[in-house]
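Each structure below is given as structure tokens.
Here subunit A shows up in two complexes: once beside subunit B, once beside subunit C.
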Partner chain A sequence: MPINTTIAWMTARGLFGRRRFLLLLPLPVLLVALAVFARVTGINSGDWAQPVVNGLGFAVLLPVIALIVGTGVLGSEIDDGTIVHILTKPLSRAEIVWAKFLVASGVTALTAAIPLYVVGVLVESVRFGLGLAAAAAIGAVVYSAVFLLLSLLSRRPVLVGLLYVLIWEGLLGNLVSGTRVLSVEQYTLTYADKIAPTEYLTGNVSLTVSIIMSVIITVVCLGYAVLRLRSFTAASETS
Partner chain B sequence: MSVIHDIGYRRYQGPRLGRVSVLAALYVHGMRAAFGLGRTFKAKIFPWSVAGIMLVVGVVAAAVKFQTGLELLTYETFPDQMSMLLILFCAVVAPELVSRDLRSGVLPLYFSRPLSRADYPLAKLAAMITSAFAVMAVPMLIMFLTAAFSGDGMGAVWDEVKAFAPGLAYALLFALVYSSIALLVSSFVSRRAVAAGATVAVFLVTAPVVVVLTFATTTTGQQLAQLASPSTLVGGVGQWIFGRPEGMPEELGIGSFGPLYGAVTLGLIALCVSLLLARYRKVAS
Partner chain C sequence: MTAVTMDGVSRWFGNVVAVNDVTMTLEPGVTGLLGPNGAGKTTLLHMMAGFLSPSRGTVMVGDQPAWRNPAVYRHLGLVSEREAVHGFLTAGEFVLASARLHKLADPAAAAAAALDLVEMTEFKDRRIDTYSKGMRQRTRVAASLVHNPQVLLLDEPFNGMDPRQRMHMMELLHRLGGEGRTILFSSHILEEVEQLSGTVQVMVSGRLAASGDYREIRRLMSNRPHVFAVSSTDDRRLAVALMAQPSVAGVELAPTGLTVRASDYGGFTRSLPKIALKEGIRVSRLTPSDESLESVFSYLVEA
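Our next item is the complex of A and B:
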């Protein structure tokens, strides 16, 4: 499907042109700084790889960045009402959603994959780094689709997204193993584990389930987002 | 030369309520905003769902203790276990209190009233702390009442009070630390959603730092590592007051650094409050 460059360009400018974009920087910097610190002080990789890569990288960095970017690409335009200008242009809704989704997943993938690659190299090898980066990129695509839809479903998508990340993936994912089948974080872990097998990460979901669920979630979310945008009612800011 | 003509409008001659009334009004408004009272159903969903989960946990713990005598949660462990929910609550309420005013640009209107620069943030902070404390204190109070009424004699009640009071103080400490951090972060961000994300990020990001630091250094370093995150910092103070929980290995404890943890906690609260006051010394019109 071709990408509407005008929409994509506007979205990217909307993301980078604001001060809010700086919020994305501290997380990757902290991740790399922690890894460098651990490497310099010579701690055993087995000890720090798990909390840094899994605890900070895949559990916090990737979802939080995807949340800010994914809800921002469409959500900020809904918030300030400029979405109306795009909707009144003779563009199909699918075209709009597709362009915004590509920008969101691209930006998220870059912001998350680069620091994770550096961390992977510091932990073990270039192969591990590439595995982490690839897994983060795939995870970024799925997360972006979910959070893009969320910004069309709720007036407060970031809060709902935080609930999902903290409660569903964070709290329940550790306690109730059944919820892992519906957790993007677990798919990402499985990808990282399968691409570059190490003792640091273990996927709890099988690869087949991960791939199928990732595709289903992405397609369904994007499809529903198009439907929602088709019947979108421009409302003023309430409550 | 322009002249202001008196065109005969009647002046206000009634009593003028002073600064205290302004503060009280702002505080009450803050408390109502925290729980979405007087707003639509949508504004109530988030604060009440978090408060509801805590209440359910408290009631279940109280009921289990009453029925079987098994203590799922003590007054000390309750705030610890609820800290993630408290972070969420603060991330929901703090933007509601301060970011909304930034977004709608009403701060110049507030400060044109008989309200000093410090009053506004302090009233908001008081509302934030009270609401955060309330969501934890109410379930704990239920636990206390159930235990107190099921015990026999005044002696049992007194024992229960002695356990309950420090637990309540511990919950207050959580509320103080989390509220001041959340309000400080939110006071810089005008979009509520982004403010909520930034607040949660502060807590989430510092947690792995603690883990890495515990692996990094000597026993002393490990015992100091928990200073790095607000959640473990308050937990450290809890260990100082209540002693190390059973089953926790020594190197994960705080050793003899209890007073240091207490001092750092107080320092952190003082720092957050003074930064908050400094932030409102000058507001853009």
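Our next item is the complex of A and C:
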């Protein structure tokens, strides 16, 4: 499916034109800084790789960046009403959702994959770095679809998204093994583990389940987002 | 010819009925949609623009339903009330993007023509967030007109504009209406339609209360009695003098001051200073007491 470059261009400008964009910077900087610090001080990789890569990289950095970007591409336009400019055009709603999804996935993938690649190289090797980057990119795609839909379902997508990341993935994912099947973080770990197997990361979900669930979640979220956008109802405070 | 038709349209939100059984057809030319705040104007416009489904009845743009039908935007432009613009773009970029989204054959030419129409060509390279209210509004109109639509809907386009900007915008709307387009704008301020030379649809509490020629409605407006509260150094003597005026229909004397009912707004406000001067009375207060929109509109509804 071709991308509507005008929507993509406006979305990207909207994303980088807002101060909210600065929120994307601290986490990658922190991640790389921690890895550099550990490397320089000569701490054994086995001691810090797991908490930095998994605990910060995949459990926090990737979902939080995806949340900021994914809710920013559509949610902020719904918030300030500029969405009306795009909706009052004879465009299929799928075309709009698709363009916004690609921008969100691309920006999230780059912002998360680059620092994770650097960390991977510092931990072990270029291969490990590439594995982390590839897993982050796939995770970015799935998360973007989820958070894009979320911004059409809730007036407070960031809050709901944070609850999902912190409570469902962060807390329950560690305590109740059943929730892992519905955790994007777990799929991402599995991908990283399969692409570049190391002793630092272990996937708790099988690769097959990860692939199937990633595809299902992405497709269902995007499809439902299109449906929601078709019935987009303007908020009329004055009615 | 594309017209907008509403047939038996109602819209409710929970228990609140925002629009109640409205039937209207918009013809080419300028139409004003008038009514106090909360009368259902925005709800009506949102239904015409496909941003709200009618709870009952049908809303058609030409021969197509407005709801869930992006194809209607080929013939329809909307300038929403919320002043939402991409402030980080210039007017040129913004209107050009609109033209591209419409997939026009020559977006650059269409954008230039639209900017020219609203007289924004000269400022098109400045960022939108540096514009005045009126310029921003004109930019939004240009973006809504870039595909040369037959129908243009504007929700409170004069809100927050100064009189000069308002006149400018009204001229623009007239020009567009004169070209055979169907223009509908909403307003809760009667004075805003002073230069309107089209039809007026008046909404009150969700119902279509009056519709027709603006002159008819203007006449009803100027003939209604106006009530003023007046205080002076000698209320009783002023009351006697006022009763002699043909423009005054009645005077009531109270300890707090006078309540004057004037049948002729202009006549009364012109004669009061003369009388006060002649009688040597100092007027310390003169306030119109029934100028609330609701009273004006309810008067229209009763008439």
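One rule holds for everything that comes next: the second predicted complex is superposed on the first by the 235 of 239 C-alpha atoms of A that agree within 3 Å, B and C clash if a C-alpha of one lies under 4 Å from a C-alpha of the other, contacts with A are read in each partner's own complex, and residues count from 1 in each chain.
The rule is simple: contacts are C-beta pairs under 8 Å (C-beta built on N, C-alpha and C of every residue); 3 or more make two chains touch, one makes a residue touch a chain.
Model, not experiment: these values are computed from the prediction.
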item	value
Joint occupancy of subunit A by subunit B and subunit C, clash or fit	fit
Arrangement angle, subunit B at one end, subunit C at the other, subunit A at the vertex (C-alpha, nearest 10°)	80
In the superposition, subunit B vs subunit C on subunit A residues touched	B
Contacts of A:Val32 with subunit B and subunit C, given as first, second, both or neither	neither
Touched partner set for A:Ser92, first subunit B, second subunit C, both or neither	second
Contacts of A:Leu56 with subunit B and subunit C, given as first, second, both or neither	first
Which of subunit B and subunit C A:Leu171 touches, first, second, both or neither	first
First, second, both or neither for A:Leu152, with subunit B first and subunit C second	neither
First, second, both or neither for A:Gly17, with subunit B first and subunit C second	second
First, second, both or neither for A:Leu162, with subunit B first and subunit C second	first
Minimum C-alpha spacing, chains overlaid - subunit B and subunit C, in Å	6
On subunit A, positions contacted by subunit B and by subunit C	238-239
Subunit B - residues contacting subunit A, complex	39-40, 42-43, 46, 84, 88, 91-92, 191-194, 196-198, 200-201, 204-205, 207-209, 211-212, 215-217
Residues of subunit C touching subunit A in the complex	13, 16, 18, 37-38, 40-43, 46, 49, 51-53, 68, 70-74, 76-78, 80-82, 84-86, 88-89, 97-98, 100-103, 143-144
Residue numbers on subunit A that touch subunit B, as the complex places them	20, 23, 26-27, 30, 34, 37-38, 41, 43-44, 47-48, 51-52, 55-56, 60, 64, 67-68, 71, 75, 79, 155-159, 162-163, 166-167, 170-171, 238-239
Subunit A residues touching subunit C - in the complex, by the definition given at the top	4, 6-7, 9-10, 13-14, 17, 80-82, 84-93, 230-234, 236, 238-239
